[in-house]
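Below, each structure is written out as structure tokens.
Below are two complexes that have chain A in common, paired first with chain B and then with chain C.
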Partner chain A sequence: MTTTVEHPHRRRPTRRREGRPWTFYVLAGVFIAYVLALYGPMFCIYLLSFQDIRGGLVFPMKGFSLHWFNDLFTQVRTGDVKGGFQRSIQLALLVTVITVVVSFIAGLAFRRRFRGDSIVFYLMIGSLVAPGLVLGIGVGLLFQYFGVSPHWTTSALGAQLSWTLPFGVLIMFAVMSRFDRSWEEAARDLGATPWQTIWLVIVPILTPGIVAVALFGFTLSYDEFARTLQTSGSLNTLPLEIWSMTLNVTSPSLYALGTVTTIVSFVIIGICLGTIALIQKRRTQRAATH
Partner chain B sequence: MRLPRSLVGWFYVSPLMLVLIPFFVLPMVVIITASVLEGDGFGGIMPFFTTQNYIDVFGSGLTFNLYFSTIKFTILTWVFSLIIGFWVAYFLVFHVKNQLLAIGLFLVCTVPFWTSNIIRMISWIPLLGKEGLVNMILQGLGIIDKPLEFLLFSDFAVVVAYVHQLTIFMIVPIFNSMARIDKRVVEAALDAGASRFDIMRYIIVPLSKSGMALGSIFVVSIVMGDFFVVRVMSGGGSASVVAALYEDISVLQYPPAAANAVVLVLVVMLMIGLILRTVDIRREIAR
Partner chain C sequence: MSTERRQGDIELAGVGKRYDDIVAVEGINLKIPDGAYCCFLGPSGCGKTTILRMIAGHEDPTFGDILIGGENVVGMAPIERRTAMMFQSYALFPHLSVRDNIAFALRVRGVPKAERYKAADEMIEKVQLTELAHRLPGQLSGGQQQRVALARAAITGPRVLLLDEPLSALDEQLRIQMRQELRRMQQDLGITFIHVTHTQLEAIALADLVVVMERGKIKQAGGAREVYVSPHDRYVAEFLGGQNVLSGKVEKVNGASLVMRGPKLEGFEVPVAGKTAVTQGDKVDIAVRRDDIRLLRPESAAIAPGNPHLSTRVQAIEYQGYFVKVMLDAIGDDEFVAYVTERDFFSDPLKVGDIVVATWQSDHTLLLA
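For the complex of A and B:
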């Protein structure tokens, strides 16, 4: 979303100040403290998840093993973590695909003003800020009213989309408003059909924005809790499993789960960034051969 | 043949509406309807109109305590995340001269966002607990002789967990709007003899207002709608509006919960409306 344009810059012949102002050092301190507070606790639990069987919830660390990871996936009392994982990833992928497609199409609409566009816009803001549990209860009651039993692939999917879509559309909105319309007009002048214009001109140029929407969609869904609580039906997603674990389990299994979910998140980011890099590389190669 | 413009627009947003109507508009209609009906006390809702649910909500002193506590957490979290977020973004945009480094450091701030919020919250337990790292270190240094009790399962822990989770929602939009400030404006102000305080007051704060507004919307709506962090980090000592709502739902009291929910949604919308008044968010996003 950050597009910084380098302006032709007139350099002043003499620098006004020598060295850095004192505020630099103060703010650098603030920044470092923030980053430490951000990562410190997380690294503590990653570390503590590798204790052996004597391990507890606090330091000092007792031994070193993979015991609690094994415990996590084999013990009954830790719940259906494996199933939760599978459902969460499937649901998140489904949400990602729908979010990308729908917010891209909606983004096309928001490039121009149209009658009633404010209604859609504020509906989206409303959906974004509505308290998750309230929305979940509403969806649950709605399904009950129509006699449909809630399931993670129907009610939970819809409840999550009502939260990921506004995010997605707002990002597309920001990305598309910086899209140069003349490229589109050029394509049209050269005889491209509307479909070709979208598929061969707009989509490739907006790829980074689309990947950003995908990343947001995936993470927001994978981590979504409040909206899913009343709508997932009898089978739990991963955050719901984690929630019940925080209430019942008091062993480093909980921390092991934290380590595993973090690894999964990083694999997903890696795949996304790798895809962008690959697309960029192919694009430059294609540009070079032409 | 050219279709009228508004028809094309509505055609493009129709998939979005196909999700928002059944999963936002209708659920809200259902909740509003349920809030004025009678419950049978066993999870059923009977088709008799009543205003009793609202009378109960406004007549109970508990409601005001809950709102007081939730709004207190919201304001504290908002203030801390805004201050930290603003200065972190300011540091990255205006003090880190190497742009690549600035983007790298920005990514360092955003990475934890991609990991589970619940896990990030419980990760404070080994630090703040009675036998946690902070108490161990403070005792080891001889600063205190018995563990500080207020660190975990307290209002303090709740605010720490919120700020830890939500500051990123401030940093990203503020960073975005600051990165779009033309550096030449700042230089021109310096040339015209403005002090650094003037630059902050007249250029940077007004031009990053949209980012602050957007960040505030996220933070306020998330804290107002939360019940998880309060429940776990306060150790049951504090409650929030949604936590109380959840209690009602667990004992199948749908109509009272619905009345509570309607009031909460109105309060949240009012707060978001106030934030939106300060800035034309739509124009700012498109800028």
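For the complex of A and C:
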């Protein structure tokens, strides 16, 4: 047997020190700074909206109350917040429904290639990159040219769809790419009609993706500003109302409005995620309890 | 009963499929008897899946007719053909439980809930999945998923079941187990099974009728033993394996046999066995089963007169358990391998580099087309 003489020092492997490397702390610091920069300003607004009647637009906080929320919905001088809010919600719901239906159908159409499919695709993406303000002015001009007065249910709806539809379709493409065509073939093989295939197989499998499209459609419409500015006619949506308020309201009720709209957004996101979770839970539960 | 029994026979009459410029299947003719287990065997891209999908009704032939039970089914929906397909990845509906997956065909047909669940439960019992009836497909193993797919396809009482590479998603051990289950299921149902695979062993283990394909054409169709033991040509012999394919020149033709000479091979007699007319000077291929080759030490070589023999060298040795694979020097471009039974090999073990004499009985030589 060959005997290997080992150097006593060489045998010790270079031990890694316990704990994290210094780069971890640097990167963590950068991340914390980023989060502060992202949420800090918003948090200031939320905080300042809870001041009492002595409150101003800047720190320090003066007292703590819900006074400005009350002011928001009762005072006329702050603008038509209630009406703007209602219109925005209704418009967003309308946009959501149209976006979901059209995106789903477009997703089905793009499952296979067809003549001119890339032209259709780029036309759609085109309206996504077009500057919103210009697009809004264009829509407004066109309505005026045809002698139709712009209104939030017509011109604003169209202008917003030019923004939400491409998003919806892109999400649908991503969702569809994970859809196995053989599910459809299997349904056909088992005797399902095309309608049965859509309702019993495609829609249920794609539900999470469809909810995601709806969520995007709603939030994009709900806080849309650029395209709506020139197309909403005489009645404002909420973002337009907030914008006009920044010009003439100098009280924390502006901040209160910010807080309320944020809460609405979160509630809607919560509802959507809750729906997906519920569907999944029901499926597994149905599987378990029968 | 007798008319019912005959419904699952399939006839492909000049069936072809073209995609733009590419010919996937060239006008093929084939008859598959009712209740047969038929395997389409070939490398990927040979057109076997296209044929399956055309029989299933998921693809229309460019030309030719497909007859099931004597009836031309081209243009009919799968359900009208009374065929059912089991997809390669099983294509189980991920949002439905095992029971709902199996009952799906009855649901779309408007069968009332109680009735369709009763039928589904019977089917579930048949494939031994009763405990898992309420699971979702994602919660099942590969083998269990296959059983669900099988049950889902069989519930409509098809006369033909089409299986697209049904075992390819499973690991080796499970594959052998599920192979037996497929065969058992086919015998239970008593219907025609058409199974597409690229695995030779799978095809010959299962099928009554093996159809070997290459580039859209049928190379040979016959029983498992027939295609393995008497391959029609070089392609079939090499694809099914187990054969040494050697080429040589015809020296003399005398009636039922011919004398052939090849590189390193002295003239020896090959039975013609009614094969295509060959004349002197023709280049021919022959096949010799690897387990028919005997390896002898040169000093003790006692070769029966007339038997082909050649001196060669051991290149590599692979232990395979019940036999030993001895790879020898190639003859020309052709691989030359001997399968020696385990006991024979170890009674006088060879080493890599040893010179040996390889010989076989001349009437074990098969003349290829």
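The criterion applied here is as follows: the second predicted complex is superposed on the first by the 263 of 290 C-alpha atoms of A that agree within 3 Å, B and C clash if a C-alpha of one lies under 4 Å from a C-alpha of the other, contacts with A are read in each partner's own complex, and residues count from 1 in each chain.
Simple rule for what comes next: a residue touches a chain if its C-beta (ideal position, glycine included) is under 8 Å from a C-beta of that chain, and two chains touch if they have at least 3 such contacts.
Everything numeric in this text was worked out from a predicted model, so none of it was measured.
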With both structures lined up on chain A, is it a clash or a fit for chain B and chain C?
fit
With the two structures laid over each other on chain A, which partner does A:Gln196 touch: chain B (first), chain C (second), both, or neither?
second
Would you sort A:Ser234 into first (chain B), second (chain C), both or neither based on which partner it touches?
neither
Applying the touch criterion given at the start, work out whether A:Asp180 contacts chain B, chain C, both or neither, answering first, second, both or neither.
second
Once the two complexes are aligned on chain A, which partner has more residues of chain A within touching range, chain B or chain C?
B
Kindly classify A:Ile205 by the partners it touches after superposition: chain B alone (first), chain C alone (second), both, or neither?
second
State whether A:Val120 touches chain B only (first), chain C only (second), both chains, or neither.
first
Nearest-approach distance, in Å, of chain C Cα atoms to those of chain B in the combined model
9
Does any part of chain A touch chain B in one structure and chain C in the other, and if so which residues?
none
Residues on chain A engaged by chain B in the complex (per definition of touch):
1-2, 4, 7, 9, 12, 16, 20-21, 23-24, 27-28, 30-31, 34-35, 37-42, 44-45, 48, 57-59, 98, 101-103, 105-106, 108-110, 112, 114-118, 120-121, 123-135, 137-139, 141-142, 145, 158-159, 161-162, 165, 169-170, 173-174, 177, 215, 219, 222-223, 225-226, 230, 238-239, 242-243, 246, 254, 257-258, 261-262, 265-266, 268-269
Over in the complex, which chain B residues touch chain A? Could you list them?
5-6, 8-13, 15-17, 19-20, 22-28, 30-31, 34, 45, 84, 87-88, 90-92, 95, 99, 103, 105, 108-109, 111-120, 122-127, 129, 131-133, 136, 164, 167, 175-176, 179-180, 182-184, 187, 190, 196, 217, 220-221, 224-228, 232, 242, 245-246, 249, 254, 257-258, 261, 264-265, 268-269, 272, 276, 281-282, 285-287
What does chain A use to touch chain C in their complex?
180, 182-183, 185-193, 196, 200-201, 204-205, 283-284, 286-290
Which part of chain C faces chain A closely enough to touch in the complex?
56-58, 77-79, 84-85, 87-89, 91-95, 97, 99, 104-105, 107-109, 133-136, 139, 152-153, 156
